Each structure stands twice: as structure tokens, then as C-alpha cells.
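Note that subunit A is present in both complexes that follow, paired respectively with subunit B and with subunit C.
For the complex of A and B:
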């Protein structure tokens, strides 16, 4: 059973060998795999998305009707003081929570990555917020922040304060309280991502630094952190995008109050376009503007940190 | 070239789908009169809000009786959770697929009625008007639609009191408060004597309090808000004082819906104005507090009036079988059918003759039967004609915006007059956008 390979002779016509059976039918194979997901995506994601684009230029209400009104919704939005207040509040929220989450996540990941006794138990505890639904977390913190809740009892018990703090009933403190919830919940996933990056940090560099006499702090600052900079940026971008769309915390815990002090862009959108008979067209315009903001925020963060990734 | 055409085609297709999906071609309102004089026959769909499984037996009986009285008819019943009712009704309205007969609260009914999407019952069943409680009939009037639905079951409050707290406060011998300002006074006394709150104001209740004080909430044409009146300012200022003195719970402004019932169950408030149906919940959750409960007449019944809310039975203009649908709506809201519902539930009928039944008028067989006492008190309030309905424009969006605006004033962060002036501006913008 020897196979003799014949070399084609010069001048003879080269005939293309027939494609194998798998290759001939290859064009539809990916479709079979992707098709069901694509259908679901088209129905439940792309069509509503396209619908939102169309609705943003109409005065349709949540029960239908309406007509095209051009850019009227966007003009009204530009003059809507409540929207700009919600916009500013959301950006303050982002500016305060993102650095804290990134710093905490990096710190916690460094600690968890250290080989210490009981670190696996700490790891489980750290990641537990990730598996809890945000609505559950929000309800839990509503009890924590009540005037007679855990936070006040703890602070009074430790003689830090004499009177309960109005965590949820002060226009100033309410937003800070919500930020604490976002940070508590957001740290878990960010820590997990950072921890994964830490596992890939080169041991050789550490050993070289040790030989040079560098201590833990110096090694962390000069060796570890530069190596995970790309992941840190990714975490920051992901958290920023998530925080720009913050909704559950203000919706469940404060309802946007007191007096709109915790009303974020998405909560404002919700009040404008979800209740019966409200303005679905206007709410769609808000969601388009939010979409643009998220894109811009992500692009700016990405651009600012380009050097770090290089 | 071919590829770019395909992309263009896809984009165009997506836009068409999107435009069709959003119901832009619907045309919106159509207040044209619907012919309901046809033969009562054929199949209709009937949708209720969270009545199953508790009232399965009752509703199946009503449907069977209707089908028996009208041979050739078939009613297909569907029950939906109340928290999904608004979204489903909105989606059905956009898709022109509303059920033939709908049980709706006023908040969900209002936008349909304002756009003239439901049969005007003032035209379809004018002969029934006299049989209903006037305030219930009026509560279903929205914009161009005189009466958007036939009134079905009602709810109106009684005053529930924690007699142990009132005894500690030395208020046992004092007559019950009959108005909100009197309740505020009593709450201040309770707080001073016991350290507990008098009552807990709520977002849902706040427009009712103002209405009961004589604040109109909106102008005659419902195009402008009217909440910044001296009575409203004085009331909000009094709430701010109570917030400082502990007369209302410290977490009032951040409390969730129905939080006032939880607070009362914990024995943290002395008064709770709510529907009698809550008594069973309190009995179940807090038997110790329940044993201390005494009942009083609802606030406002001796003055500008106390609140009443109605569920309506509406028929959409798009119904393919409007004659049968209206006939079923009439049957469902007839005095006998409503009385039967009231006897198996804790709601009240909207028909005056049903309220004259001994079930509502007779004294409770057992003096300690709080549920029967509450039923008797609330029915008396309904019969007295001292019930007032919220202007139709005051819906969930209005209530939320109003409560949000007065929250800083209750907390003492801004003056009440400024908060109400801001609220008025904000609410007028909402009304004008409709």
C-alpha cells in the first residue's frame, strides 16, 4: 500500500482538487450555531434598540400614538434643568465611586493574592456580594441605613456619634450612602478580575527585585502594579460604564429622594417613560443621550490611559 | 456594491420594524362613539388584576351565570399580576390587542381614557349612572371621555388606632381627630408623651391629605397644578415640625410603599388611616398590636371629605364584540353581583343599593369584630356622600413628583412655601406635556 505522488508536469493543465465534503457545506455551519442566538438578539436587543432610535424623534406615549417631531425632544432635553441635575449627579457618582472601587479592588486583590493562612475563606467572603442580586443588596442596605439601622447602631455603640445620622433622609448624605452600596457591590467583580491579572505577574521580576533588595511595598509599586495596569484600566472602564447606568440603588433605596437628591440619569429616564401614559419618545431621547455619554466616557478613559497600556 | 445594498436594505428593514413596533401608525386617539347595540353573543376576553386564585370561585360563577343568561356567549378570563398591569396594558394598547373587558385601576385607565381608547360609559350605559355612588362614577372621568369605565369595587379608609399608645399619651378620653390638622396635633402629643410617632405620611396618601384639606391639586381644566395654597403650606410646615419632634417616623421620606403599615405593626405609630382590609394583615403579622386596636371614622369625613378609590370595568374601542363586552361589564357591576363580591372580600360595592344591604348597615354581631366594625364605618362614610375623588389628572406620576418636591420641606431643608411653589411649577410642566 504505497502511495505514489506524481508531480504535475510543466505545461499540463492544473486541475483543482475537489473540496472535501466538510468544506463544501461550510457556509451554513456557522449559521446553525449562531442562528438561534442571533434570532434572540435581533428580537430582544437590536429591534428594541432600533425602535428606541426611531422613538427618540417622536412624541409617542407609552400607550402608542404619536408622530415624528424631529429634534424637539432633544431641544427640550437641552433645556430640562431636572435632566442636567441628574446628569451632574450621575457624573459626581461616577467620579467618586470609580477611583474608590479600583483602589479597593486592587488592594484587596493584592491581599488575597498573598499566600496567608485563611486567605481562601477571606476570598469567599470577598466574592459573596457578586452572587447577590442587586435588588436584594439594595433592600438589605435600606435596613442598614435606617435611622435605627445597623450602621447607626454601630456608630452609636462605638461612641462615634451621639445621634443617628440621616443616611437616607438627608439630601447630602443620601447620595453618599448609595455610593457606599455601589462600592460594596462593585468591588467583588473588580477584585476577581484584578486577581486573575495578578496570577500572571512574572515571578522572575519579583525574584530579581528581591535580589536588588526591594521590599514588599517597593516590589508592589514598581513591579506588580505596572504589570497589571492594562487590567486596572479595563476595570475602571467597566465600572465607569456600569456606574453611569446606576439605577437599582436609587430606585429601591431612596426612590430618587429626598427631593430628587439621588435621582440619576436612568432613574430620571424611568420616571419619564415607564409609568402609564408618560412620554416614551422623550425617554428614548434621554436614553440616546445616555448612550452617547457612555461611549464618550469610555473613549476618554481609554484615550487617557493609552500610555499605560502601551 | 451588492454588499452595500444589502446593508442599506437591512437598515431600512430595521427602521420599518422599529417604526411598526412603536405603534406610530396607530393614530392614537379615537373618541368616536362605538356601537354597543348589537346582539349579545360570541366570545369576549376578560382581564382582571390579581384576583386569581383568591376569587377564582366567585369569578367563574359570575362568568357561568352570564353565559347562562346569554346563550351563545363565551367569556375567556385572564388574570394578570397588578405590578405588570400597566406594562401589559400599554403594550396591548400599542398593539391594538386590548382585552374586550378590563378591570383597571384609575392610574392605568387614565392614559387610555385621555386618548379616547375606551368606550364612554356615559354614552353606552347612561341609565346606570343613578345606581352608582356619585364619587365613584365621577372618579372615572378623564379628559374627553366622560366615564371611562363602569365603577366596580371601591376602597375607602377607616382610622385605625393603637389604643395602648393613646392611653400612654393620655388621649383615651379625647375625641378622635376628624381632620389632618387635628391628627397632626394629636401626633405631637403622642410624640411628647411616649417618644413614638403619631402617624406616618406617605407618597400615595399625600395628595389625599391635601384634597381633604381643600387643596384642589389641579385647576378646572387640569392644565395647571394648584398645590401651593395656604392650607398646603401650613400642613407641610406642620409635618416639618413633627419630623423634628418625632411626631412622624424619622425615615418617613425614604419609606417604601406600605411602610406605614409595617411601622404601625411594630407599634411605632399611634394612628393609621387605611382600608379595612389591612386589619387582617395586621392580625396575621402583629397579633399583639392587633389586640390593642380601636377604630374610628376616617379623617375628613366631617369636613371636606375622605378619599375613595375605584377600580373600573372598561371596554376598549377596538373591541370586536363591544355589545357583548358592555353587557358583561354591566352584569359584573350590577348591584347583586357586586354585593356577592363584597361578601367574599374586604372591598366595597360601588352601587348604592348594595351598600344598603344589612351586611353593611347592621351592627357587628360581636362587639370585638374589628373587620365588621371597619366595614360598617367605611360603608357609612360612602353612603354619607362625604367621599371625594382625586382629580383624574392626579395619577402616579403626579403623586411621585409632588412627594419628591415636598420631601426637603418635611426634612426642614427648604421652606414649605418654596417647596410647594417648585412643586407647582414642576407639576404644571407635567400636565402641559400630556
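For the complex of A and C:
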């Protein structure tokens, strides 16, 4: 995208045509259009957001009461081993799922970017998980990973293993099982976005590479993929933000278990600040830490996309 | 607008076709495998084992009993009704609020518009989980806890929908509005008669996205609802699957029923889903 900046030269003022669409309306006209959304957003978006910053410095419980306690929540949080464990686990989760989803999405997008007869049906089916409700998908995978579920049936049937694997009851495997669910669901949308970018790739460069005698792998790696790098980064950051928020998979499939081995940041937040009588102030402090990390991820996206477009 | 027509490619060699199909079938089996197994389980009678690969994957005597049981033994019908009411309200609020706001942001100047736009851009990246606890306190304060309205209102409008509508209204040429104004049409008439008919495609996109979002929402209804009779499908199925009495075949049948409506919308409105989801991500 190129922007041409034109500086008005002195003495020769550029006559700016008045934009007709921007003419003034009577005072109530804008109010009719933005009034309703402002009411909803002030009550359910701006107030809760501001209130999170206030609550984080109080010891309010979810049923009310409480007073200002300064930084007490944050100092307690800094020493909260369970929080740091959930925090580290969420980042391990992110470090494992993001590269896999990005690589699979890129590969799948290249694979289905073809005019082969029947390939549009393949695309339709391949992208279908993105519209399926995650909680229901998670219930399905809870059955898949049971000791007599599909995963074990397949592995035993193919003679890969003799005894069923404890997919959900071993602390390491349980986290891996949840990651598989995230990858299964997350690949669909990531592939769709990558495919949309692939279809904007310039054909001429590709043809020039063909004339130069470059083979498919070389053409793809050196010509096609660099042109969609911006989108690849965007997909990575979108998935990363999504994984920072991961809740549904552990809540539905393992409930955070076994023994807290799959507890993530949001699941911890949920156990600390939702039930009546729990600590809304402390949970708000956790929320702010989560928010800080999402902002960092958003800032990275912003910086990277800006560089990509410059 | 993103069309998913593939790039013009003159010829595909047989070798490439075979390789592509082999890999596509592999990818499809990973995506469809768990779903088909789930369907197989849902169609099995009580005497048939859900385990036993490979001989027992396909039900020997398929039966719809589990689907009947999903409506009689577990309250799937009630869950579906709640989800439908929530989706109907949520789609309507999203459609109305996003259209009005998008129009004002695109074509009606007002004091503080730049500030409001900046606030929207800033909160677009805000995950709902960050304000989950505060929103629950607000909703309780308003006496809306454990009501379907309380489920809908905090997520009444998606900021991405507002941006989709703003883009659509900005693309309409000014001449159209001028001509109508010269003819004596007021601002509301211009909006209803001239503007709305020109953004039908975008209205369809945010309707479809609104429905898919609403059907997928999980953490908020889980938090704000306490009576099982108010649960939407997602929360209800998860709630039942955790109980000891849960019959895997019946839960599987219920899960299939829950996945069908969004799948149907996706199949019929595929172009809108693609352009909404891929376009939103690329522009956002």
C-alpha cells in the first residue's frame, strides 16, 4: 500500500472541495445512530474495563464489600506458585501450538490452492471445524481420548501400542491432548486466512521463476511464501492471543486436572474470581496481567504489520 | 471481498494430481475422523460396544434411539430453545447496533467521533476474559444474572461487525446521498432507503457471523447462568457429559445435533462466512 504525501506549497493554497457527505446534521441525528451502542458499551464494556483497574487494588469479594489494599494483590500474585505454574503452562502451550498451527496452515493452504476437480469440496470440509462450537468439539474429544476412545482404538488397532495410553490422566499427555484439540480446531481458520493471502500472490513472479527453471519447492519457498509473510505473522499472533486465553479445552476435557496439570491462566482466573464469595479483587489483578500480555502480542502484530507494509 | 477461486493454473500433471489428492485425503481423514466416529457412536445401539477398532467402527444395526433419547432423557430440546432465543436476540442486537454505529462512523460527523473510534480500536484487542469478573459484577448489579438477557447484553455487539459496516458505508459514493438530499430526503430516509439497500452483502455477513459467534459462546453463559434449565446447548452438553449417568451414545447424538445448525449455515452461506472471517482478520 503506498500513500502519496503532498505538501501544500506556500502561496498556492490547494482548494479543498467540501465533502458533501460530511455536512452538519441536527444535534439529534448522530445521537440516534450512536446513542444505543454507547448505552450498551458504557454499561458492559467501558465500565467493567475501568472497574477492573479499580478492583485490582481492592480486596472486594464477588458478593461485595472490601476496601482499598494498594498493591497487595500484585505482591500476593508475585508469590502465588499456582498462578506462575498456570502462567508457565500457558506459555508452553503457546510455544507448542503456534508453530504447529502456522506450519500446518501454510502447508494445507498450499495443498488446497489448486483448481483440481473436487478440490472446492475438500476446502469446504477442511474449513468446517471453524464453525463448530468449541465446547461441543471439546466434549467430542473427551470421548476420543478416553482409554477406550478413538485415539487408543486406532493406535492399538495399528499395533503402535499394546496398552491404552492415559491421554487424559497422565499430567504430560493430558496437556498434549488438549493441544491436539486446539490444533484440530485452530487449523481451519488459519488455513482459510493463509489461503486468502495465497490467492493474492502475484502470478508473474511465479511464472518468471518457472521460466528460470526453479523447481516447485524452490519456487514456493523463495517466491510464494515471502509474499505472504505478513499474513503468516498475523496468523501466528492471532493464534498466540487465542492460546493466551485458552479455557474451554481444559475446562471441558480435563477440568484442569490431573492434579492441576492442565490449569491455564484463564482457568485459574475462573477458579479464583467467579463463584460467590471468591476474590474479585485478586482475580482482577490476574486479569490485568493477562491483559498486559495480550497488549504485548497486539503491539508485536502492529509493529510487524507496519514494517511489512512500509 | 475475498473469493476463494483458485489462481488460474493452465495444467495439472497427473503426478501432481495424485500427490495432491493423497495429501488432501489424509488431511480430510484427520478432520472428519473424529466427527464420523462420533456419528458412528451416536448411531450404535445399547448392546454394541463403542470400542473395538477396527472391526467395530461402523454400527452393525444403526439406530436413531440415541437421538430420541437426547430429547427425552436429557433436556436437549430446552437447551436448543435457550440457544435459539439467545442467538435470535444476539443476532438482532448485533445487526442493529453495528449498522447504526458503522453508519455514524462512516458518514455522520459528530463531536468526539475520533475519540470514540480510537476507543473502539483500543478495545477491539481486549479479550472478554479480562473483564469477565467485572462484567459479572455489573450484570449481577443489574439483576440480570441467570437470565437469557444477561447472556446477550454484554456481548450484544461485536466490534468487528461495527468495522465491517463502517467499511461498507464508506464505499457508497457521495453522489447517491447528494441526489437524495436534493430531492428532499432527510437523514433517516437517506439511511433507510438509499444506504441500507446498498450494504445488503455486509448485512448478511454480520448476520451470519453474529449467529456463529452466539452459538459458540461458552465462558460467559457458563459464568452468568446458574440454573441448568437456562443453559444454552454448549453449556448444557458440557454439564451433562460431566455427570456419572452420562451415556456416551446419547451425549454423542446430542453433540451432533448441536453442531448441525452452524454447519448448515456454513454450507449455505459459505461465501459470507469466508469473506467475514478471512476478510475481518486481514483488514483488522
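Quick notes
The working rule: the second predicted complex is superposed on the first by the 263 of 310 C-alpha atoms of A that agree within 3 Å, B and C clash if a C-alpha of one lies under 4 Å from a C-alpha of the other, contacts with A are read in each partner's own complex, and residues count from 1 in each chain.
Keep this in mind: a contact is a pair of C-beta atoms (placed from the backbone, for glycine too) under 8 Å apart; a residue touches a chain by one contact, two chains touch by 3 or more.
Please read these numbers as outputs of a predicted model, since none were measured by experiment.
Contacts of A:130 after superposition: subunit C is touched, whereas subunit B is not reached.
Applying the stated contact rule after C-alpha superposition, one finds that A:236 touches neither subunit B nor subunit C.
By the touch criterion stated above, A:65 is placed in contact with subunit B alone, subunit C being left untouched. By the touch criterion stated above, A:258 is placed in contact with subunit B alone, subunit C being left untouched. Between subunit B and subunit C, more residues of subunit A are touched by C. Legend: residue contacts after superposition of the two complexes on their common chain; A:51 is shown touching both subunit B and subunit C.
Looking at the shared chain after the overlay, A:271 reaches subunit B, while subunit C stays out of its contact range. In the superposition on chain A, contact of A:170 is made with subunit B only, not with subunit C. When the two complexes are laid over each other on chain A, subunit A has residues 46-48, 51, 55, 62, 142, 148, 255, 274, 280 in contact with both subunit B and subunit C. Every residue of subunit C that touches subunit A in the complex is listed here, in rising order: 2-9, 12, 17, 20-21, 23-24, 27-28, 30-35, 37-38, 41, 50-54, 93, 96-97, 100-101, 103-104, 107-110, 116, 119, 123, 125-127, 129-139, 142, 153-154, 156-157, 162, 174, 177-178, 187-188, 212, 215-216, 218-219, 222-223, 233-235, 237-238, 241-242, 248, 251-252, 255, 258-259, 262-263, 265-267, 270, 273-274, 277-279, 281-282. Of all the residues in subunit A, the ones that touch subunit C in their complex are 19-22, 24-25, 29-34, 36-37, 40-41, 43-49, 51-52, 55, 62, 108, 111-116, 119-120, 122-144, 148-150, 153-154, 156-157, 184, 188-189, 192-193, 195-199, 201, 203, 231, 234-235, 238, 241, 244-245, 247-248, 251-252, 255, 266, 269-270, 273-274, 280, 283-284, 287-288, 290-291, 294-295, 298. Chain contact summary for the complex, subunit B toward subunit A: residues 14-15, 17-19, 21-24, 26-29, 86-87, 89-90, 93-94, 107-108, 110-112, 114-115, 117, 203, 249-254, 256, 395-397, 400, 403-405, 407-408, 411, 413-414, 419, 426, 433-434. Against subunit B, in their complex, subunit A makes its touches with residues 46-48, 50-51, 53-55, 58, 60-68, 82, 142, 146-148, 164, 166, 168-171, 174, 253-261, 271, 274-280, 282.
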